[in-house]
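Two complexes come next, and they have one chain in common, subunit A, joined by subunit B in the first and subunit C in the second.
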Partner chain A sequence: MFPTNTTGEHLGRRAFLKGALATAGGMAVANWGGLFNSQTIAQEAARQNKRCILLWANGGASQIDTFDMKPGRPTGGPFRPIQSNVNGIQVCEYLPLMARMTDKLAIIRSMRTQSPDHPDGIYHMHTCYKQNDRMPHPEIGAMIAKYLGNPEADLPSFVRMGSTGNAGSGYLGPRFEPFHIGQDGRLPYFSEPSVTPQVQERRTDLLNFMEREHAREHRAEAFESHRLAEQRALRLMRARQVFNTNEEWPRARDRYGNSTFGRGCFMARKLIEAGVPFVEVGQENYDSHADNFTVHKANMDVLDPAWSGLLQDLQERNLLANTLVVWMGEVGRTPYINNRAGRDHFIRAWTIVLAGGGVRGGQAYGSTDRDGREVVDNPVTEGDLFATIYTALGINPRVRHYVGARPIWATPEGSRPVRALLS
Partner chain B sequence: MLRLLTLGMILIVVPVTQAQPASFADAKLVWTLPWDADWVTAVSFVGNDRIAAANKVGDMLVWNLPAAPGDKAPQPAHRLAGHTNEITRLLTTPDQRRLISASLDHSILLWDMKADLTEKASVVVLNERARYEAESRKKKMPAAIEVTVSVQKKSGELIGHKDWVLGLSMTPDGKTLVSGADRVVGPKKEKEGEIIVWDLPAGKEVRRWHTKGWPWGLAVSPDGQTVVASERIPLVFDSGSRSALMLWNAQTGEMKADLSKEIKERMSGAAYSPDGKWLAVCRGGEANGLSGKITLLDPATGKKLRETAPGHLDGATDMAFHPDGKHIFSAGRDTTVKIWQLADGKHVRDLGQGRGGQFKDWICAIAISPDGRRLAAADMAGMVHIWVLSK
Partner chain C sequence: MPGPRIFSLSVLMLVSSLTHAGDKPLRQVIDAEIKAGWQKEKVAPAARSSDSVFLRRVYLDLVGVIPSYDETTTFLKDADSQKRQKVIDKLLADPRYGPQQAHYWDLVLFGRRPQNIFDTRKHDSFTKWMAGEFVKNEPYDRIVKKMLSAEEEGSEMFYVQYRNAPEEAATAVARVFLGTQLQCARCHDHPFEHWTQKDFFGMAGFFVRLVVTDNGGPEGKRKFKIGEKSTGDVLFAASVKDLKPGQKGDPVKPKFLGGAELKEPEIPKGFKEPPLKGGVAPPKPSFSRKEKLAEWVVAKENPYFAKALANRIWSQFMGRGFVHPVDDLGSEQKVPSHPALLKAIAERLIEHKFDLKLAIREIVNSDAYQIGDTGPATEAMPTMYERARVRPLSVEELMPSLRVATAYDPAWMKNTGDYSEYFMRYFGEPNDGQGHFQGSLSEHLFLNNAPMIRQFAQPRKGNLADTLVTMKAPWEEKVERMFLSVLSRTPTAVERERFVKHLSGDAKIAPQLVEEAIWVLLSCSEFRFNR
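Here is the complex of A and B:
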């Protein structure tokens, strides 16, 4: 198992300001690392109004206990399959709401990946590159923020709830660093102003005046970066009402389930609706080396309403067609059940699920053998997955950036989008 | 049996019942019954000379035990067919007539253990898992060890639960049965646990109520008035905030006492002594170090009396009071059975040894024969161990 970040770490004043600084500061260091910024691609992708939500199963969910069941086999475990609303696709009995939405899901049952542990798996499944590569690769959220984000928006382009990715914006620079909020989607307590909006506005004007005067005599990139971070924080404060769900949540709770993750998914929908191009919501507790079945059962009680509620909500608001929802973690779990009633990490044959914008729902892509030990057909790599996601979102998966003189691509050499998954 | 004691010149004749062994120093393993289809998860004596065991895939077998310890290990005689998922608990009624099984298939089944077995015979493979492992690792497959057994079907069913039945307990008179299941949608539309009190002779539900967590450890007091339930939502990174231990009024379904402030840890099992003088709970789930301990409580107040030490490595799984009224036995995730003295919590001895490796196999459940002479242990490695506790 691995240590998890506490909610407190994400809610701390330092983390909050760091997120604001990083998001804004990048404006001052747009050429950080000699980065080549393809404005044309970004503008084209942004025009399509595509969005992405990543639901992150932190620790690695068990494919056999969710979407690639092996009933009656020694690896099958105690869960039973139920028929979904798509002929021939069965899912776990503890995902009954998702079973009714399977026509919207593209279930990839043939993931074969390379990084078997948590830090390297989290890095790899957030960047599609191995962690030991010397290049600081950006996370998928940073890449999507770059190509689908609006630099003038008050809200950040890459919002993260929960402890999930570990790579940040990498070579894309601090402008695309994730903006952390609480696991339940709430801003930290100190983001609430202690004065009236009018007073706050006068203070801001005074601060801007003094800073302009100061900057006239003290020209320095670091100072400019700091000034932009402050402006970014102030702009965020203008838009902070989006983060206030106190009135809406009691109604939404019935749909999303009364859980922190459910509330995070609800916030993800709100942020997407408000124009944020990438939101990541983490769900803890999947690293079940011991007591896998009780743990997964409890987790699915949280996952099922939250995920299905999100899809339903997006659909009802006509957002699903343009919003890709990805469910994955860093690893799958072994078919073999160990002597702690657990399943360990497994990367030879596991499952990731896509839904919504750009993908063709109602399908199970690839398959594994009768015990789930090996991929039988259509193996999908990290690069293939990311190429598929980027293609679905209108981003060229082979877009090239430069770090110094070195070219680097959004997905590794040889990565191919899985056309059968795309709509 | 009579024992002669000499006190000076006075000869006293003292009756000694067979259920009162003075010590367990001579306890020894006499038979290991192989059944390697999957984990053996539950076990119960039927009388003193029959043992029923159940496993993770929902099968149940019954062995007739030889009278003498030196005899050859018996083969299974019967198969009880009906469950379709892991069997979590087995109990035998005091008249030794009925076996009761609880399962993850949501059911509680009743089995008439004195019925004529007229069903046709079937073949049980006792080394199924070893053959599967060999096949999946592409190694030479061992020959199947086959035994022909008679097959028995259920005699009844208690219908009420809609999800995993995790807990089962019965009063010593066999009139009241209490069962607990997880994941019922409660009044607040949240998933909760559920406890049902049954009139066992009538096979009817008497009462039911909800618990916030899943009821893992469950026991009914001998007078049938109180139910103790340890609750837990089983998440990996759970500091215990989702745990609770409650005493409930079995007649009304109202909470009598919340022991959660005193008992903060996750408890996997609960048991009342047959005389009602002791209430025991054991810490389970995977816990750090030797923390699979037994806590003895005052059954009236729930006040903590003492804890046993050292606990089971990685958690305790089951407990059984010995009929002598002086000892409690515990099993755990360390392949051992531990014997404890109730009066002072002293560790008497271990039965069995921890197997090698960082993580041991489990003894999933234990049972003691009504006469107190034998103990059966359900071993996840695919075995039932029979110990003779006293001659």
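Here is the complex of A and C:
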């Protein structure tokens, strides 16, 4: 363990108080500020601890082979359901560990979405807006980074691993750009110091001197933003040991499973604990147009220990109550099994699973007909899902930003949080 | 942020009597109006810029790169009281002027993520065409007319962005050339303005018949042609819910924004569209809507065109438009910060037949443009122009500036390329969608650790670091040369002392210390911005 991550927050106490005070004064913390000027301190403080982890099933997982099984139906496939630890909810036999965690899960079986393919679906399910909207929408990670991140933290507020979103921070700007690392902690280009600590210190001293001199008579926020970004870069380089899990992984992998994705989930837990408000971990290869069942069995073998290990770990560390864990991909898969034993993309009726912070576990929300072809009740749109997630995290789902002269909301008009899912 | 102020009637009248003072040079009109604004709002303006600050600013604005060591020292030594005016004239005639203005307009018209990105990501032919127009100082109305007619090679790329997207073309033309935001009216009558969906689809009607033909070629050099059909209309239904299956709405006739419907001849009975093929010039339509639109957009009588340009060109050099955002003039909600001045500039543009160089010369010769960069205001673009605006260098400005600052020989890029993809990635879009600068983590990781940055600071035969290491001179002199080369100014006494202390710290590692000092000057916020 590293001394930096046992305190739960990777930021100084003074830094935290400074952020809170600036907000208490009712002023916007300039352009780079992640805080929200119209909120009270109490709400602010509550939000400080909210976190979110997105487990991304890249390619689109099959709902019928995981959480919305149709045993005995022509669409059902060969997998058998098993009883979970919640009465009346069954899950796939290849998710035995998750079956014991179902009391933590809010399973939405009634997703009805609009973007049927990969790039557009990935965009849509990361931003809750259509890709052809021609507006640079930010990903959910950037939005959460903006509202839950601490501007003075050492670590970036939006970290991701593996195959994930494709929209970036959009109109929220580079302050909230994703920081893409390897599941094993490999850092992006140019994160490793290129000079010795001695040189770094010497030139940083000189740079700080120049910036101080310049700041005397040059007060524009842009200069300050530049200076702060330099400080963040230096802090990140100093804090980069957090990303090194080589020593801890051999023990953690018993719980998370010996897989790249499992290691990513473990990294996500570490980062959440270190104060990062949003971490996304991608799991590859769900796009099973052929051999759906082989593909899904293999994926669940990886997913089951990783996901359940993550939830258990978060719970043991008292982090689950404040950490929302979302499992989803860009599409569901067809009830119909094609002639290559595959399932194709399906957006009319599919499943997404929420767990932890802010949601009420142990429930299946909405349902599909007996073959899984249509939603029978309580359809949920992309906007509704995002509104639910934002509400669970204490973010106003209708928070408004401007792009040029045009107002734009965090979720599309008509989106509503699903109250039944919230705790 | 203080919003635009509403001027009292008396001030408006005073101001308009000033602007009617006949042939008073525009620069004087500008200064009188800006000064009146300060008095009215009781803001204290910054002092006039120093020669160094002015020189760096005007170089970046007019030719897109900082001045070299020699250019800076020559200018600073020059005792001529007219030297600012002279350097402006020199830069307006500089071969880099055209490409720099084209670069500015490229960001306006395409941005970093143009639409139809597969065809338009690279559009060198357009920037080349644009630069040519600026070099020969083609009047702005003629440039726009050519762009909207899309017949000259290169000019067609503007429309290629809106391939099969007439609504997007309408939005862009209204926004960029007419300063009017129509996009809200696409899905509903505009909530705050008088624009209706009919206005929106009326404008889209001018573009619905455009066809982009692809004549092949490698990426960035692909040849496109813009053809136009003789038939086809925008279909519009007030309520999509009421449509029966197969119905797509009613055809909407093209209608000039805020004006009349287009009168067009009937299509002859039995007319058949000639086939459009790549590689062949598309046949002319029997009646060209795009021609009519191009004529109307640039017509002297068009109430939007000159005003939109006046606001745009002002914002280009002064940071904030009189109306902000720069392309939202059509709004009835927004009162310009200096209405009379906006009007005066627009009138002068018309009077001088949209001579861009003339207008730019007047603006950059004004005291308002040449104001200092210090003071208490924290906004990057102060509303009353009481301090110079602060904007980040674009990638296109940053890269040559790094080379000029460090005497980097362009021949060294021969084998490696200029790494522009890296620079674009790390410095490309440092703003939040509202034009506010946002420093990014990745930009600074790149600055700190990338060899592509380090190459500018390390000694290499003939470059700045090498000169400093090898020249026989006291450290004080070397520090002065370093500051003049990178920041276009001499160091202050404190800076000189601090840098001499750094550089003379350990003679054994002098080249390393020089590298560090140059890196600091390249990385500091003073270098990052045009101010």
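Basically, the second predicted complex is superposed on the first by the 327 of 423 C-alpha atoms of A that agree within 3 Å, B and C clash if a C-alpha of one lies under 4 Å from a C-alpha of the other, contacts with A are read in each partner's own complex, and residues count from 1 in each chain.
As a working rule, contacts are C-beta pairs under 8 Å (C-beta built on N, C-alpha and C of every residue); 3 or more make two chains touch, one makes a residue touch a chain.
These numbers come from a predicted model, not from an experiment.
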item	value
Partner chain(s) touched by A:371 [first = subunit B, second = subunit C, both, neither]	first
Which of subunit B and subunit C A:403 touches, first, second, both or neither	second
Touched partner set for A:290, first subunit B, second subunit C, both or neither	first
First (subunit B), second (subunit C), both or neither touched by A:207	second
Which of subunit B and subunit C A:174 touches, first, second, both or neither	second
Winner by number of subunit A residues touched, once subunit B and subunit C are compared	C
First (subunit B), second (subunit C), both or neither touched by A:299	first
Shared subunit A contacts, counted only where both subunit B and subunit C touch the same residue	none
Contacting residues of subunit C [partner subunit A, same complex]	113, 115, 168, 181, 183-184, 325, 327-328, 331, 373-380, 387, 390-392, 429-434, 436-451, 454, 492, 494-495, 498-499, 502, 512, 516-517, 519-521, 523-526, 528-529, 531
Residue numbers on subunit B that touch subunit A, as the complex places them	38, 56, 85-86, 104, 129, 132, 136, 164, 182-183, 188-191, 214, 233-238, 285-286, 314, 333, 359-362, 380
Residues of subunit A that touch subunit B when the two form their complex	1, 4, 59, 74, 78, 80, 254, 258, 284-288, 290-291, 294-295, 297-299, 301, 338-340, 371, 373
Contact footprint of subunit C on subunit A as seen in their complex	31-32, 134, 136, 156, 170-175, 177, 179, 188-194, 199-200, 202-203, 206-207, 209-211, 213-214, 217-223, 225-230, 232-234, 236-237, 401-406
